[in-house]
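Labels for the chains are A, B, C and D, by order of writing; each one numbers its residues from 1.
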Amino acid sequence: MTIKNTLKASVAVLALSSAAAHAEGVEVLHWWTSGGEAAALNVLKGDLEGQGIDWTDMPVAGGGGSDAMTVLRARVTAGDPPTAVQMLGFAIQDWAAEGALADLNGLAAEQKWDDVVPAALQNFSKHDGSWVSAPVNVHSTNWVWANSAIMAELDLEQPGSWDEFVAAMEAAQAAGYVALAHGGQAWQEATVFDSIAMGVGGPEFYQAAFVDLDPEALGGAQMVEAFQRMETLRGFVDDNFSGRDWNLASAMVVNGEALFQIMGDWAKGEFVNAGQTAGEEFQCFRVPGSEGTVTFNSDQFAMFNVTDTAAMDAQVTMASSVMSPSFQVAFNTVKGSVPARTDISDAEFDACGKLGMAQLADAAASGGLFGSMAHGHANPPAVQNAMYDVITAHFNGEYDAETAAAEMVTAVELAQ
Amino acid sequence: MGFLDINNVTKSYGAVEVLHKVDINVEEGEFLVLVGPSGCGKSTLLNMIAGLEGITSGEISIKDRVMNGVHPSKRNIAMVFQSYALYPNMSVGKNITFGLEMHGTPKEEREKALKDVASLLQIDHLLDRKPGQLSGGQRQRVAMGRALVRDPDVFLFDEPLSNLDAKLRVDMRTEIKKLHQNLKTTVVYVTHDQIEAMTLSTRIAVMYDGYVQQLGTPKEIYDTPENVFVATFMGSPAMNVMPATVEMIEGAPHAKISDSEGNHVTLAFAQDNLADWAGKEILLGIRPEAITDPEAADRDSNRIEKLANRVGVTEPSGADTFVTMTLGGKDIIARMRADTTVAAGEMFDFAVNMEKAVAFDPKTEARIKP
Amino acid sequence: MSVASQDNAASVGRVGRTFVYLTLLLFALFYLLPFFIMLVNSLKPLGEITGGNMIALPQDWTIAPWLSAWSTAQIGVEPTGLKPYFWNSIRMVVPAVVICTMIGALNGYVLTKWRFRGDTIVFGLMLFSCFIPFQIVLIPMARILGILEISGTTAGLVLVHVVYGIGFATLYYRNYYAAFPTELVRAAQIDGAGFFQIFYRILLPSSGPITVVCVIWLFTNIWNDFLFGASFASGDAAPMTVALNNLVNSSTGVREYNVHFAGAILAALPTLLVYIVAGRFFVRGLMAGSVKG
Amino acid sequence: MARAASVDMRTRMQELLPKIVLAPSFALVLLFVYGFIAFTIYLSFTDSRMLPSYGWEGWTNYSKLFRIREWDTAITNLAIFASLYIVICTIIGLMLAIFLDQKIRGEGLLRPIFLYPMALSFIVTGTAWKWFLDPGIGIENTMHLWGWESFEFGWIKDRNMAIYTIVIAAVWQSSGFVMAMFLAGLRGIDNEILKAAQMDGASNWQLYRRIIIPLLRPAFLSAFVILSHLAIKSYDLVIALTGGGPGNATAVPATFMYSYTFTRNQMGIGAASAVIMLMTIAAIMVPYLYAELREKK
């Protein structure tokens, strides 16, 4: 594979040739453009500017970062990569494999990142043993968001098992509520499926099916059961779910139209923005069956290779700021996620935040912390999207559970 | 060497040769008309003189200067186009002086030249208008003005009258002739209208199929056409051409033809060397005006032959009456006096001026020269 | 106005005419509806949108969303509104349209009035280039912009738009000039005008109608482009559409629909203006040549 | 060409100038269009994933492509979408043009209303359309609020019908433009032909069917070319309205290509789908261009 190596080298050279124009600062490609996110990022910007480093902003929203990744490819191909890029999961590993990312080992050793970042996260932040990116946060994706008023009205407890969960939804449906608020977009369906699969098969199954891509797990009985549970959930969703944005689904819970929503912790922002408080107007708990485990995605800042020493210094300063406890707190309280470092006080966080931080630490300790398949932290994008295709087709009634499991095997095979 | 020399010029588009070895010398002050049916190559030839189309081989020179490859604007020529090609966005005055401006003539001189030309063509009052506001005749004048103002060595006209109505066309024809007589410039004029060719030219080149069929004065062309094509193309109505056999009667060559009844009649030739063709087929050409009623026959002619034939259709045109009849198996036309008494269907004694008759070789269609 | 229309107008009759008017009005409503939805909702407070009727008029009229979209909404980390990006778009679209129109006009002029062997093949190749899906050019184009060192700049974006605008611009002008009498060019040649003089003095002054069509087409396409803008000019040089997308399309943030709609209308204003102002000449321009295929 | 020696500089310059003027744009097109197409064809035979890579793989990407279900969906959708879109746009455009040509009062107001959607991209109108078509908040809900309880319009949520909502939005955008092309064609028809036809006793209907519509052939052809090019390139439209959903029910080749090339890091398959798309375009356009250009020679 000499050709491939040459290419890698050439990409590295391209990345290296990054112009000196950004020498005095950092150019940051990201997709955090909505009010709260951008405000959170502004904390980082202010911090860096306080240290004499200019911030060149390069926001590209859309498609959960996929548009930004397209732009990144264009910039790298042009030989002019941004110095710092917001990245998720496998993208970091892919770019590191191309030799395009800068080595942050020095800083990491100095600040002991190895000790404070959970190992599951390090799988993404380190390539060949070297730190290549600085994790900003951990979003856990297996949350249920619930409307307290409806729960009180129907006299419901937080369900502790799948059956209780179904019973609660049946009760809500009977009372004329939408039992499950859901937005019919592939990634939202995959987010739900993630938690369901974890609930059905537990960590071993999750590892086998979504990380190791073992055909036996992919097409097996547990997969079929997971799909059957999806069918059950489909019965609790209103007719109008297709294409709905996740935040509109959240709004249904906020407004008291719907009982539950299965969604990552970013949904909390919608509740907070509507003036609600965690543990009072709304509640959060893990998707029944998946308790004790956390499926996550993690936003990280990867640094691209630069030659200019001033630019390198700027990158290091930025990475250091990203990892600083003050930024981790400031950012994550706004974003709804929890810090990537496990050594940070939860004083500033609300009830759900505190719960999330505690569960993250537990799961990390007990081996229950898994990258989310739905958010590109379990397998490469090709496989992830192939799974999306099957999950969303099944949820929309194209396949029955057995066919869907069989299709999983084929789709994954084609995508590899 | 003439004033405008076209030496052995050919034109090809790819493998197709559309003009074959054209050779014409035009003297200073001459009015040469290129005439022929559409597609004969006359416009191509004109465009080559103008420099608008390249020359495949041969040479064109003006005033002994070879013009091959010389830009149109450097040939000191002017051209009037069929559509007049007036620049729609410029006023009449601008249109006329545009060429001078392009050649760097100072403004005062341009103004003066414009004045002269405008008064010559009586278009003074139109100078500020746009071409779109002019009538066809006015546009024609402006187009001529644009050519005149340049005071070129050679004027080129590309069917300039074909877009005018019949009456205006005759007027403008006269006007062009007058202009030529006054200015004595050299003109090359392309038309498909043989009357224009006859009336305007000092010499005519009849073209067909990329060849110059005949080059000569209008009279030569009309009276002694080189071949059947020239004979039938020039003149209106066209020359009557019919098959005939040469028969010697009393030592003199006669044309034997069949009349409208199917009987053989003979007409004595005025051309003696046709004796060589005794017993052979020829094509006999007689112009309509050479077949007429006896009272109108040419008094100067030494050879008026009588021909009894049945009248087919009579068409009075005011000035003349045309009679159509069958002769030699063809429909032929005779040109009679306006107040002739012939009536359709009757037998009539026509007078045929055999001095004006021409004979063609039926194989080559070339004229059998005396 | 065609004669047919007059005569038809007389003979179609009252019932027919009512039907014609009704149909036209119905379609006018259909065309206006999406814009109406945007406009109405851009003038409502957010609360009224999430709970209420999409088509209802605002109960509380407010222009706050407009002000926010224009000058204070969060586009990246800076709450700049769309304003700076609006000027980016102008800086990109004006040179691109001007250059592309000029190139198209010259190409059309050469291809109709200075024909040479193989000119139809050249034109065919240019025309087919209109149909290339833009997604496939991103990567190689990025490389070339990088080599030229204009990656991420407005200049680079102008180049990209010029390249992919040439096809249509040439098509428009070629079809228009094909109907322009060649004799005029010949007359001008004999008058001594050179290649460029003929173009400037003779053809260009008569090119008004087709220039309107070409400019409208290019202006709209370039202004509305998102893909190239996002890929080759993000950051400070980003055009309006990219900024609008950042405003509207955040994936995990709160959505202020009224601000989004106001921003969308702001982003569309220049093209709307071009269509409304120049629209009258548009049909005339199409008539003058481009519909001849 | 045999030329006498006396060709002057200016003439030679004048002969070269047209080619010099044309050369830069031709070179640009050759590089940026045909060069890139060649590059894409090459990529489709390689193992490129995230970035272009040059390991030769032969036809693997193509055989994978045709085993992917979504590609089938995308192709079928394009066929449905393109044919409906072109036909409906043409019919509506022609109808509006004919109606507008009846000496309509207020034509000056109506024409820009019909035309303006072409000025807006779906990045701008996408959200409004999504709302409008959404049964929960859009037209269905509005009708219910207005008292028409039985009104149903939930196509965008129905995997079998969603592609038709895309047709509706696409028709909304382009039919006015087609109207303008036909209107231009109608206004360009020689009055004498119409007079002659009316003398011949043609009724209005016959006049349009037998005389005017056949005379609009060039407008039909231009409309066809512009519409088919818009149909094949449709990307923003689908992304803004359905994002390819419900499920993958509204995926089209353009979204498929983008997703495989840029989202899924399967650039090779993305390139293969682009090549198939280009070949489809060529199959439609080349005969048309050939006929058009030959005719004009």
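By definition in this document, a contact is a pair of C-beta atoms (placed from the backbone, for glycine too) under 8 Å apart; a residue touches a chain by one contact, two chains touch by 3 or more.
All values derive from a computational prediction rather than experimental measurement.
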Partner chains that subunit A and subunit B have in common: C, D
Furthest chain, CA centroid comparison against subunit A: B
Contact-richer chain pair [C-D vs A-C]: C-D
Whole-Å separation of chain centres (CA-atom averages), subunit C against subunit D: 15
Interchain centroid distance [CA atoms averaged], subunit A/subunit C, Å: 38
Whole-Å gap separating subunit A and subunit D, where each centre is the average of the chain's CA atoms: 37
Between subunit D and subunit B, distance of the C-alpha-averaged centres to the nearest whole Å: 56
Multi-chain contact residues (two or more partners), subunit B: 71, 74
Multi-partner residues of subunit D (at least 2 other chains): 10, 14, 51-52, 262
Where subunit A touches two or more other chains at once, by residue number: 63, 70, 73, 77
Graph class of chain-chain contacts, one of line, ring, star, complete, other: other
Set of all touching chain pairs, with the criterion as stated earlier: A-C, A-D, B-C, B-D, C-D
Subunit B contact footprint on subunit D (complex, rising order): 1-4, 6-8, 10-12, 14
Residues of subunit B that touch subunit D when the two form their complex: 54-57, 59, 65-66, 68-71, 74
In the complex with subunit C, residue positions of subunit B that touch it: 47, 50-52, 71-74, 77-79, 81-83, 85-89, 98-99, 102-103, 146, 150
Residue ranges of subunit D in contact with subunit C within the complex: 10, 14, 17-19, 21-22, 24-26, 28-37, 39-40, 51-52, 92, 95-96, 99-104, 108, 110-121, 123-125, 127-129, 131-132, 137-138, 141-142, 145, 172, 176, 180-181, 183-189, 191, 194-195, 198, 204, 207, 212, 218-219, 221-222, 225, 229, 232-233, 235-236, 254, 257-258, 261-262, 271, 274, 277-278, 281-282, 285-286, 289-290, 292-294, 296-297
Complex interface listing, subunit D residues touching subunit A: 49-55, 64, 67-70, 130, 134-136, 154, 156-159, 162, 242-249, 259, 262-266
